[in-house]
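Chain nomenclature is as follows: A, B, C, D and E, assigned in order of appearance, with residue numbering initiated at 1 for each chain independently.
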Amino acid sequence: MSLRLGAMLPEVFRHLFKRPATVLYPFEKNTVPARLRGRPVMDPDKCIGCRMCERDCPAEAIEVTQESETRTDDGKVKRRFSMVVYVDRCAHCGQCEEICPAKPDKAIKLNEFFEEAAFDRGALKIVYK
Amino acid sequence: MALEKLVKWSRVSSPWLLHFNSGSCNGCDIEIVAALMPRYDLERFGALLKASPRHADVLVCTGPVTRQQADRLKRIYDQMAEPKFVVAVGSCACSGEVFRGLYNCMGGIDSVIPVNAYIPGCAARPDAILDGVAKLLAALKKG
Amino acid sequence: MSETFVLPVGPQHPALKEPTSFRFKVDGEYIVDADLRLGYNHRGMEKGCEARTYVQDIYLLERVCGICSNAHMTCFAQGVERLMGIEPPPRGVFIRCLMGELERIHSHLLWLGVAGHEIGFDTFFMYTWRDREVVMDLLEMVSGNRVNYGMQTFGGVRRDLDGMQIKTLLEGIAALKARTPYYLNLGATEPTMVARIAGVGKLPREKAIELTAAGPTTRASGVDFDVRKDDPYAGFGDLIPFTIVTDNGCDVLARVVVRAKEMMASYDIMEFILRNLPAGEVRTKAPRKVPEGETVSRVEAQRGELIHYIRANGTDKPDRVKVRAPTLANWPSTLYMLRGAYLADIPIIMAAIDPCLSCTDRMAVISDVRGGEKVWDWETLRQYGIEFHRRRGIRP
Amino acid sequence: MDLLKVALYLLVYPGLLFLFVYSTFVEWVDRKLYARFQHRRGPLYTGRAGLLQPIADFVKLMAKEDIVPSSADKPLFNAVPVLALAAVLTSGLLLPVWHFTTGIVSATSFPGDIIVMAYLLSLPTFAYFLAGWASASMYASIGAVRVLTLLFSYEVPMFLAILSPAVMAGSWRMAEIARFYQLHPGYLPVNIIAFAVAILALQAKLERLPFDIPEAETELVGGTFTEYSGRKLALFRLLTDVQMVTGAGFLATLFLAGFPGGLVPGFLWFIAKTLFIVLILSAIRAVTARIRIDQMVNFSWSYLAPAALLQLVAVIIVKGYLP
Amino acid sequence: MTVDNIKTTLEQSLPGKIIELTHPSARVMFLHVAKADLVAACTVLRDQLGFYHLSTITGRDTGDKLEALYHFARSGMTLTVRAQTERSRPSLPTIIGVYPGATFYEREVHDMVGIVIDGHPDLRPLVLPEGWPDGIHPLRKDWQYNREEGVIK
């Protein structure tokens, strides 16, 4: 076995003259991949209130509540649902988005927002009405 | 005044971290280490990872706090010198996440010691951690 | 300094990023005896699984560990598929396998860096982790998360690859492939590094078998034990070719070499997958309820054999889920390696099995430091612990 | 006038103020270089390009709660950092930065000051030992024992190494040695082996990679300093920085022909030469892994000490042939 | 070695001792033996069938009995040996004489379901946090954990 002292020496000195690999993150935004699973966002206009998301969520992060029940002129019942998402519990697994049966567009989706840091857990309880 | 300002400035400029795993899945621990690595380089803010609780200012915790670790978490916290801050990294450190209700988890760092900042995410990305640290420092600078 | 004393390492010891506690009887700079206490990370997940549905369980089990999250998911998914009697479509199988290999690369790079760090070689640590970001970006691009990929599900994978992504993956893999020999070269020739790892932590072949070691630890002792060959899954065996890497060095150096070569083998597997990706669906429909039955599912995770035992009772919740992750299989051999070693070699010997305790940590070896063999309850032990630290100047 | 000069000497250059400011600067240089070697940025936002980082660290530690473990030997625990700092600060005063002519023998430059200097530079090591001992904590005690073991292994090569230039120059006074090489720069390369040995020994003295055995973070948490916090930890950190400056200055005096040319050029030389040595120290830190204590002892007795001895013999022979 | 080979070898070496031998899916087999024949079965597996690797041991509560499942592996086959014990005084013999690597797994079974492993040299209560109440084994079906109010917010 050849023992070459400082096999790294050239590499190390080369880096002195190279631009460091560091990104200046909070001061320069970086790009995130399109598939990033960030915060779950719900659209009350689309939700049909099936509670599949609530049932499948592994982290008890979703609570769906019925807000109102109105009868339209043609006799159909129209219900409106609100949702609480506890971002401090969410595991960002995306199961809620996957299971949501609302058509033609899912009522709950994970967006690309990930800078959630907060000083208070209350701020992480997000209500969609 | 002047002195106070200087001290405050020094505190904000030199946050030394102590990392504590209270029973997490390692995911966030790896991301904390990744935040110290060349790509994100937390040392830009003057942050250094320290091994002794006596040297550290910020306790960076991960994990849903297992019963076994709860005691130790508290002890480490007590060993740190004032002023000290606690940051909970990862959803499971914030609230217990998927481990909520398991018989051996307390569910979140704040069930054991007071927490100054929460960084949810599973795993919290290194940039989310950076963002959290920057927010905490900015808040300290102000108040 | 020939006095023997007990050095408790952990659970806050920096060499172990995860909590665990060892007790070493130390004589000067030598370790006379090693004892291990786990249990700091026991979360009670197996019980938790019985109270959750299969869908929730797969995400819970993913979080057994952030390093082999995908291995746990794959293992559980494939076991449940076996019980359901369904098979993922070929494209799903290929992507499942791709995720496993990507994860192996990220884990081995992580390990290489940590091993460097444990012996105080921080520059090496920085370089490997800088290059690891390449894999992390690939994983995040494919799955949407850097740690818990959430890719596997019952009946296949959750996300497909498009042409653009395949191109990026191939580029990233080529870049890493060019870089890996440099690390192998460094790890095997840099004198301060070699001086620390050659001949350290010997584990003879017979011992490796006898103590049921797994993964690179046992392959570095010359045993060709690899689940991908022994119990082919996710396309290994018939669809996807691969080679097993072994080494006869039986020491830490051999484990470095095995892991580095294994990475080279993984690059080849991934390139094969990406070039021969079948068309079609990535998942089939799976029922919510699982018919009664039991099965054993195994996967070759980065650190060795991972095994799940699943028993279903016909409802949408499992009757019993048992998880045994690779690190637990490697503890008996680690204790064997530690006896008689230098104090200074503890970190590198432990790092060499790449211990990840979050999955393993299910036991506590409670040993009376004063030599007796009694069992203490929580309060006594706590009291003792407080005393113990107070005597040494750490305030409780 | 004289009083003013003494005051200037003690407090400004090369005394307290200069040593404090310059040592923080050197720490910054070291951290920055180390980071750049690792393809990172290092401190960036504290002051311009992170220049004020070491000062911020220092001030913060000064203002932090100071815990003394209850089982520690309190008087010793408290006294050690101050004593050790005093020792290195004194060693700073001995650096021949004001002695542009060698005629004057003053309190800070006298025949034999090279020995006193070497001795003062060793004192902190004893302080580390005492610090570890006084902490009465397990990690710290193991660290303390290692400090001593380490001391015995590098101290002899260090002394042998600094003898070579002195023998060559035929003087025991740093100012004269430096002057000798300023006049005969051709003799500088003769001491190259001794220089290498001295650099390695200095690295060991400063307990930096690959010789940071007593602090080995992954085995012993914070080593001898595990129990120190707040003000005293700040002093220890300052101490190490000052030790790096004076150590570098010491080697520059002996092996790089000192700091010629009067006040301003001399000052610039001082900066340039010490930074050069710091660069070497940082590079060593970046490319090596920590070695084991037994390997260290082996290494220094089977390579360092013989090399230094060989060098000494060579120097004596060369000296014999000299006109 | 095919499934049939394994079957015949087992039937020859353990005559009359096999309670049940199943093969539910490819490369998975289950063998049920009586508690008294456990060590003999393990020896046969190791010496005659080449199962050199013990993957793990699972403890399980079947409702009326407790059982341990020993998962063995060799190239191309995973074979699980099942042994049951009554609930009142649950115990099983140790197999560390045959597979020394079983130490930790046996201790775990002891903790999680409360089967006493006869002949194990070091069966101090382990698992679980310090101070865990005696006699409670979390994986028994009759033990349910009720979340303490207020602990988990």
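One rule holds for everything that comes next: contacts are C-beta pairs under 8 Å (C-beta built on N, C-alpha and C of every residue); 3 or more make two chains touch, one makes a residue touch a chain.
Given the structure is predicted, the values throughout are model-derived calculations rather than measurements.
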Worksheet, complete the sentence: In contact with chain B as well as chain E, sorted by label, we have C
Fill in: Minimum number of chain-to-chain touching steps separating chain A from chain B
1
Worksheet item: If you tally contacting C-beta pairs, which pair wins, A-C or B-C?
Response: B-C
Worksheet item: If you take the mean of the Cα atoms for each chain, which one ends up farthest from chain D?
Response: E
Practice prompt. Starting from the mean Cα coordinates of chain C and chain D, work out the distance between those two points in Å.
Written response: 43
Worksheet item: What is the distance, in whole Å, between the centres of chain D and chain E, each centre taken as the mean of its C-alpha atoms?
Response: 62
Response to the item:
Taking each chain's mean CA coordinate, chain C and chain E are separated, in whole Å, by 23
Worksheet item: How many angstrom between the C-alpha centroids of chain D and chain B?
Response: 35
Worksheet item: Which chain D residues reach two or more other chains?
Response: 35, 37-41, 67, 217, 221, 227, 286-287
Worksheet item: Can you list the residues of chain A that touch 2 or more other chains?
Response: 6, 8, 12, 20-22, 58-59, 91-93, 121
Worksheet entry | Residues of chain B engaged with two or more neighbouring chains | 37-39, 41, 44, 51, 66, 68, 79, 95-98, 100-105, 110, 122, 125
Fill in: Contacting residues of chain E [partner chain C, same complex]
24-25, 27-28, 30, 52-56, 58, 60-61, 69, 71, 73-78, 80, 99-105, 107-108, 111-112, 124-132, 138-139, 145
Worksheet, complete the sentence: Residue positions on chain D within touch of chain C in the complex are 37-40, 67, 69-72, 135-138, 142, 145, 209-210, 212-213, 216-219, 221, 227, 286-295
Worksheet item: In the complex formed with chain E, which residues of chain C make contact?
Response: 39, 42, 44, 46-47, 82, 209-214, 225, 229-231, 293-296, 298, 305, 307, 309, 311, 320, 322, 324, 328-329, 331-332, 362-366, 373, 375-379, 381-382
Worksheet, complete the sentence: The answer for chain A against chain B in the complex is residues 20-26, 30, 58-60, 86-93, 114-121, 124
Practice prompt. Sort out for me which residues of chain D touch chain A in the complex.
Written response: 33, 35-41, 283, 286-287
